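Note that subunit A is present in both complexes that follow, paired respectively with subunit B and with subunit C.
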Partner chain A sequence: MSYELTYEEMNHVFDSLRLHYKIYAPKRLKNAGRYCNTDIIRYKEIRSLEEIEWNERSQYSPKEVFYPINQTLFHFTEYGFMESQIFDKDLLIFARSCDIHGIKRLDKIFLENGNEVDPYYKRMRDKVHFILMECPEEGWESCACCSMGTNKTDDYDLAIRPYEEEGRVLVECKSDQFTSIFNTYPKTTYQPAFVKKNETVIHVPKITEDMVADIYAFDMWKDYQTRCIGCGACNSVCITCSCFNTIDTTYTENGKSGERRRTWTGCMNDGFTTVNGGHAFRDDYQDRMRFKTMHKVYDFQKRFKTDYQMCVGCGRCDDICPEYISFTHIINRLYEEVEARKEAKADE
Partner chain B sequence: MAKDMNIGALRTNCFRQSKVKGEYMLQMRVPAGLIEAKYLDFVQHLATTYGDGTFHFGSRQCFAIPGIKYENIDKVNKELKDYLEDIEVAQCGVDMDTSAGYPTIGARNIMACIGGIHCIKANINTQEIAKKIEKEVFPSHYHIKVAVAGCPNDCAKGHFNDFGIVGLTKPIYDPDLCIGCGSCVKACESHATRVLSMVNNRIEKDACCCVGCGECTLVCPTNAMRRSPKPFYRILIGGRTGKQYPRMGKTFADFLSEEAVLAIIKNWQAFSADVLKGQPRYLHGGHLLDMAGYEKFKEMMLKNVTLNPEARIAENVYFAETEYRGRIHVKPVK
Partner chain C sequence: MNNPWLPEKHRILDIIEETDLESTFVVEFPNASIRHGQFFEISLPKIGEAPISVSSFTDSTVEFTIRRVGKLTNVIFDLAPGDDLYIRGPYGNGFPLESFKNKHVVVIAGGTGVAPVRSTLKHFLHHPQDCKDVYAIAGFRDPSHTLFENDLKAFVNAPHFHTTLTLDNGQKEGFKEGFAMNYVKDIPFQEWGEDYAVIIVGPPVMMKFTAQECMKYGVQEEHIYVSFERKMSCALGKCGHCKINETYVCLEGPVFPYTKAKTLMD
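Take a look at the complex of A and B:
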């Protein structure tokens, strides 16, 4: 069922929801961007509609709301340990279709990878409810959700469309738990609209296991040895990157107590593949780029036998790269190379 | 007929004496070195109509048009009116008569790098602050050379001006967002002053010597190290080139707010008048500083200035001059 509310009414709804939920949405942080006089948009806890940035995609994904960059797993002393605790409230997260799909990929990795469910992920993930945000008709320049099949979703509790200038919102409520909040407001026929076409098109290469060794040897990777600087910004913004380091930290004032913490890392960062003794399996940037690409459009699908790839085509990695490397371009380049190899094999 | 030409008055009018008698070079101010490209047509018109058809990138980022005949100077000044009205009056808010060309050569063209409208390293919009400074120093007969740099790289060469204004940031670190990748530590080590280190997978900073360049914010993958919402400024003083004792400028003030920078620059006229006893001479800023001494300079330049809490002022400055005449400072006591 859908309803129409004024901004004021919706903000009152937020007030009552905040008794049980922490509400997170993309927010514009003025002048906090990488370059001077530029902003950044990232997820923050909000209290009102006015705080939300609707018109641009956030640079950072919503994953940091429930999978924090730093998470303390337990605290320890020389005699014992205590598991970390989290807040009681549930989470209401404003998210776009691609992100909701992306979080499904995270679920695979944290909840279905091997026999153990990751409890620190699960305890936060179980709290998450989505408020769908719509996108511009074709998304933004680097969006490729249509290519990756992530442009539509029905996995949300609420959908909100703002009419900022008119000070009103349309709300679709799909979940029984919120119906009582809205049913006093006027009903509408609002249904969220989804992106049907993007400017950026990704051609996903069809890779079989026998091609992998050849793909490793492709010349195209060499480009990224000098172009990539291994900063890992692409991993940080990616809604589907899940890797972390686990670090035991002892407190500087008392080295006998401390905490075990997990902290995001990424396959593009230094030290990601470094093992005891100092050897790193992918020291070269070209190898890291190859690994990341293959993970996003081959390895994940192979492991989880899904009918979708890991990459959701959100385009954030394209936008954040300080060296202006386009990941969607890399996938398309790999597609071309793979097709050329198939033709060459057929000719043999 | 023989011409009687007052080269001093013409110089003040920004027409520079030429080795060819009767010819002059016009120096057109381009505050911060950025201008709408449409004015290139105007420069071409002046150069081909009144000059010798050539044009020089003035060494202080002005348009320099050589070969202008003495008898055409009045005509050129009349043609300059619209340019002055737009560039000086409308864009910089300068209070001046625009009917007779430039009223003074005292305050030289304010130089600037391209800065924050383009450069990835910049911490400030250099044109914005340069135009605000232009309003404070021009037109004045006291000589002053100012350059504005977007970051401590100082491509604008503020180190060789009476006043070098350098855009800074004061990075804010949020440990909750930090993944401990060490990119900022490496960037600081290779580009800046090696003030960052990693302790327990978090970043520690030796705040003594951060130059405010922002290199750490450029490389951070999670925005854990981010720019301060407002930029800050360094003022370098006393830099100069010259035949006798060129020297590089030294830091007078660090991490100033924009308001503090402008309040300091506002004091320049009173300081110059005090040192030169109200009689402007062809002697620019650094020499006035030498005549007054740093203590006096500091006292007068900080008068009625409200410093922001982050601001730092140099207790003293220690210039290192290249003395082309040895022991040039050792003189009889007057």
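Take a look at the complex of A and C:
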């Protein structure tokens, strides 16, 4: 069921929702971007529609709301550990279609991989409700969501389309728990529109197990030995990157209390594979790029036997790379190399 | 709810100095679920966590042989018997000892790789009926790096063990010179048909070349097991540090059959 509200009415709805929910949306932070006089769009708690940035994709994904960059696992004193606590409210998160798909990939790692459910992820994830945001007709320049099958979703509770100039919004309400809030407003026929076609297209390589050793030896990876600087920016903005470090830190000068926290990291970072004694596997940038690529378009699907890849085609990594390396281009290049190898094998 | 991240406090019962850099910590652990070749995450508040292999265990204790190489291990070395250690686990896939019954067991270990196989060797020492016999080669870098003096003596003297001790450099009574790999030729694989299993644990380069050396003497890769070292930060399959290809070393490893291990390329 869909409804039409004015901005003022929707803001009143937000006021009542905030009794039970923290509402997060992409927000433009002035002059907080990477370069002088540039902005950044990140997920922040909001109170009104006016705070939301609708027209650009956020640099950071909604992942940072419920899987924070720094997350406390335990507080400790000299004598032991105490589990950290969290707030009681649930979470309402504005997200694009590809973001909602991306979070399904994160769920695979934290909730399904191994023998244990990660309790810190789960307690936050269980709070999440999505408000779908629409995208421009073809998405943004670096989007490739149609290729990855993440351009459409029906996994959301609310969908909101703003008409900023007119000061009104259309709301689709798919979830029963929100119906009572909206049913006093005029009904309409709104259904969210999804991207049907992208400017950028990804061809996912069709890899079989017998090819993997050859792929590791492809010359293409050598290009990234010098181009990639191992900054890990792509890992940070990727909605499906789940890797983290666990670090103990102390609060006081005498060092008698503190916390154990986990902090995002990524396979592109230095130190990611360094073991005690100092040896690092995958010390070369080309090996990290190969590892990341195979993880996104082969290893994940192989492990979890999904009908989708880990990469959702959001394009954030392409936009953020300081060396202008396009991950989309890497995947397409891998596709071409794999096809060429198949033809060469067929000729033998 | 049960929190798999929460380390539990356990008392240190004894500390045995092995070398200038390595000591074995005997920790109270009343648990019968440990498998040979598994590891624990050892933890101290303020310092952090590290994965350490099980070096030995009984019904009421677990032993860790720790080398002093980092922040956490430095602080662990300041502890004394009676102090507490925080540990969680055990984790990982161990050696499949049940499949070694009625087989000749070959164990080739290098350096600190001797620690994870020590419990396996001690098991066969005390339960000779669980295999046909044991051929063990333990290689160390030099006389100052040799570990487990008393256990090595027991392995050398046991009637159903054929034990070779080697030093890469230097000399010591009871030790032969050269790499552990060089003595693979003395193992009578040809006489055994299919009734054998080989365990190789050590630095990655040593494992690779020793496995190749074994195959040179007719060993089939299906009979070889290796144990991998990686940065097993969480041991739960979440942090991603130990992932190789689509495999997580903390979940499917650290013990792998060689048929799988050879595909794990980094």
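The criterion applied here is as follows: the second predicted complex is superposed on the first by the 346 of 348 C-alpha atoms of A that agree within 3 Å, B and C clash if a C-alpha of one lies under 4 Å from a C-alpha of the other, contacts with A are read in each partner's own complex, and residues count from 1 in each chain.
Keep in mind that, in the parts below, a contact is a pair of C-beta atoms (placed from the backbone, for glycine too) under 8 Å apart; a residue touches a chain by one contact, two chains touch by 3 or more.
Everything quoted here is computed from the prediction, not taken from an experiment.
After superposition on the shared chain, which partner residues are touched by A:G232: those of subunit B (first), subunit C (second), both, or neither?
first
Kindly classify A:L73 by the partners it touches after superposition: subunit B alone (first), subunit C alone (second), both, or neither?
So A:L73 only meets subunit C here.
Output check: A:W264 vs subunit B and subunit C. Expected answer is one of first, second, both, neither. What do you get?
Only subunit B is touched by A:W264; subunit C is not.
By the touch definition at the top of the document, which applies to A:T273: first (subunit B), second (subunit C), both, or neither?
The second partner, subunit C, only.
Looking at the overlay, what does A:I247 touch: subunit B (first), subunit C (second), both, or neither?
both
Contacts for A:C36 in the overlay, against subunit B (first) and subunit C (second): which applies, first, second, both or neither?
In the superposition, A:C36 contacts subunit B only.
When the two structures are overlaid on chain A, which partner does A:P322 contact: first (subunit B), second (subunit C), both, or neither?
In the superposition, A:P322 touches subunit B alone.
Applying the document's definition of touching, compare subunit B and subunit C: which contacts more of subunit A?
In the superposed model, C touches more residues of subunit A.
If we overlay the two complexes on their shared chain A, which of subunit B and subunit C does A:R282 touch? Say first, second, both or neither.
It touches subunit C, and subunit B stays clear.
Which residues form the common part of the subunit A surface touched by subunit B and by subunit C?
245, 247, 250
Which bits of subunit B are touching subunit A when the two form their complex?
So the residues of subunit B in touch with subunit A come to 116, 120, 122-125, 150, 167, 169, 175-183, 199-201, 214, 217-219, 221-224, 226-231.
Using the touch definition up top, name the residues of subunit A that touch subunit C in the complex.
Within the complex, subunit A contacts subunit C at residues 73-74, 76-78, 80-81, 83, 109-110, 113-116, 118-121, 212-213, 216, 242-248, 250, 255, 258, 260, 262, 267, 272-278, 281-282, 287, 291, 294-295, 298-300, 302-303.
Okay, in this complex, where on subunit A does subunit B touch?
30-37, 40, 42, 59-60, 68-70, 229, 231-233, 235-236, 245, 247, 249-250, 252, 261, 263-266, 269-271, 322
Any idea which subunit C residues touch subunit A in the complex?
Touch residues, subunit C against subunit A: 1, 3-7, 9, 45-50, 67, 69-70, 73, 86, 229-231, 233-234, 236-241, 243-246, 248, 250-251, 263, 265-266.
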